[in-house]
């Protein structure tokens, strides 16, 4: 199914909650707000015509104003792709977790938490994954400054 | 129950066993915290990050062109495939079309590297299960591929060969003949592996029916590549979303059929890799036959700094270990604003618990080996 | 020898005060121990060399090449290295047990050499319960292994020790049963009697006496592999699973003891197999041609080569499969061997 | 029946495996006795970085492209009154307008990607076949190639030396 049709389907179902659609981008994408993400994700997963059973990638990007979460979806049943973007404020980055829908989100969300400080609500085990548990700061944010030492070791 | 380092309520028969980060069978520095009852694993929690090299952060500070050596080091066993994935992503982002000869050479390199990588996977799997000799045989045959790479790229493991928009060098004269020699030499060796190990009764007992990964679980966990195909899902990006000219080649996608046990067991995952060796040989034969004789491999390479237009892209290729995806955000400068690597091993490790609980420690080793993980890619 | 001891007694006041027979006995024991120790060290040393060389060639390599011609002195270099290494005892280990364990394992395998019939005259002591002695003394090793595994205070070592205990206890049963089938023929437990019962050429060897004993030999050999923790039954060590099992925490000298005991045990299993089934020091033809020692060693080393060959061919079993093989395959078959042989003798 | 078939299968596959390994016992080894014999390295081999400082024009192209910043270069303009210096015949007698006073390669950082050698305009920076340069101290891996000293520094040193006796006496 074409991304624009997927967008129409979403628009029909969720109305105003679905934000703008970028058809020009290399990966056409739709922006939604944090509140409607769980319902939208569940719909994308469960709807027969969509059936996005695989979350290919969950990336976070630190833009100057906001943090952006990018959910790249793919359907192994219907062979189509779609991208959902969620903007999160930098001051209190809180997003509902999609771990209950796509199991792979578990570790991807932990990674986004680890490196960007995005807090995923209802995540079963939101701990640091790549960095040590007592690491301070979120390294992939643009304003991150590398500390001089960690537990007495030079960095 | 979450397995953490402290505050675990154990039953009186149970104990916490720390497997790794230094353990011969964790294929690097993976750490598994096991809760065991005798030999039986009741719970397992993978802990990663011991090989975290801040690759994504580094890449934000180098240009698109000079990020290739970093990409090489992701899955250090399949450097060519990593480079190919990265180069294709950036080319798509910047709108670069590469000449046909470059496409063919890239496919040849990627498939050779796939064979080399699967040989390591098969060999180390045998090593995990105690059969040392097969490992030496696979290393012997891999050495021939490495020699081919060495001649064309100058490196044995970290090639820096496939660049954005082209290749570092053209093939050396006579290289094609050497590659053909290898393709003559290699297929009979697969029979040898089969005789020595694949159909070995002890191996079948150890691997069949063990660590079954149900296809739905595999998809949900984002497990890809041979591990997913071992579960019976015929998903191969080379076939379903062809890139770099893969649509021109005729090959099959082997999937697990549960010949020795259940679909999705360790034996199936192993056997899918073994059959992919044959398919790769098939692709290589066609690619070498059709390879355009003439052509400048560097004609499409950016002469000065590469500045892709603003935008983002997620693109993925079929690595020996599964879908390797790159998510790149460009802000119009020569350096990537964000480069995220979606690694196949990362998701495979996260699915270990689904497979390992209820099996024995020895089976856990078999399951880990059958997933064929490379920690360089998990931790990045 | 006798003159030497007499001279010693003459020159030593203490020796004069003890009975002469006792002095002779002590001298005999000391000499035997010394000789056996040298033989055993050479065996395990050359055993490791053979293992590495065969492994190397089977894997399209060469194996050790640098110490001496074709690396023949490699085992000496390794031995010197191990003996000079720092003696590390883990801080939380049970020191006493940790120190005793390798000695127990080593002395158990050392003691088994007492009843090995090298030739018609060359045997330290032809006990009338020789084979029983072997069976019992080889079980002592498992105590040492458990001691080592427990004392290391390492969970992996403990796993190795528990596996070893379960494995060795289970596999003693098929070994004992297949030995009984031979004893049905000889009616004696003495090693020399067993060998002499096989004199007179190839067809007199027990392995070829009847089809059941032929099977019995293979049962014995497979169970023997398990008894000495060789692939495919090397679970107590299982490098890729248990790191190195019960000897994970051992290094230097103490590790060397474990290591030597392993190779010494290997040869014991081969030697007993030769004695029981392959005619011991008897030749292929009724006329021996070559000295008994040569025949015995030839057969023993051939079996050892097969052990090495198997090791570099096969993967490893899992614990439950190991038990399955012992109790559900080897045990019923060894009963079959006993009954079959008994019937064969009767008819 | 199944039981017996499985036993038979096990025995048979063991024998098949043993046939493979015994066959290899008499196959010549594929390995090389390394320190005594060595493989020949191919032409494009990327070994240790080596700079032929006599041809270096101090353009800094290599240090700019280096993804790991392992090359440190300091160069300064030659004075007008100085005699002009040129690179060797092979690299085309290019004028060396800059005096390279520091050219350090930290091989412990180097990732052997070869970008720098592709950039070098005079081909003075090359990767030579040498691959045996392990050392006991990481600091020994820093290779300094610069031989020329800045004239001021030289003169400073001279004046220091000259000044010393005066200072000590005074």
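Every chain is named by a letter (A, B, C and D) in the order it is written, and numbering of its residues begins at 1.
Assume a residue touches a chain if its C-beta (ideal position, glycine included) is under 8 Å from a C-beta of that chain, and two chains touch if they have at least 3 such contacts.
These numbers come from a predicted model, not from an experiment.
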Chain separated most widely from chain A, comparing mean CA positions: C
B-D against C-D, pair bridged by the larger set of C-beta contacts: B-D
Most central chain, judged by mean C-alpha position against the global CA mean: B
Centroid distance [mean C-alpha coordinates] between chain D and chain B, Å: 30
Mean-CA-position distance for chain D and chain C (Å): 54
Centroid distance [mean C-alpha coordinates] between chain C and chain A, Å: 63
Inter-chain centre distance, chain B versus chain C - centres from mean C-alpha coordinates, in Å: 45
Residues of chain B whose C-beta touches two or more other chains: 133, 140, 196-197, 200, 202
Chain D residues counted as touching two or more neighbouring chains: 14, 17, 20-21, 24, 30
For chain A, residues contacting two or more additional chains: none
All pairs of touching chains, each written as two labels joined by a dash: A-B, B-C, B-D, C-D
List of chain C residues in touch with chain D within their complex: 54, 56-62, 65, 309-310, 312-314, 329
Residues of chain D defined as touching chain C within the complex: 7, 14, 17-18, 20-22, 24-31, 33
Residues of chain B defined as touching chain D within the complex: 62, 66-70, 72-73, 133, 140, 143, 150-155, 158, 160, 168-169, 172, 192, 195-197, 199-202
Touch list for chain C against partner chain B, complex: 55, 58-61, 155-156, 159, 231-232, 234-235, 238-243, 312-321
Sites on chain D touched by chain B in the complex: 6, 9-10, 12-14, 16-17, 19-21, 24, 30, 41-46, 65-68, 111-115, 118, 127
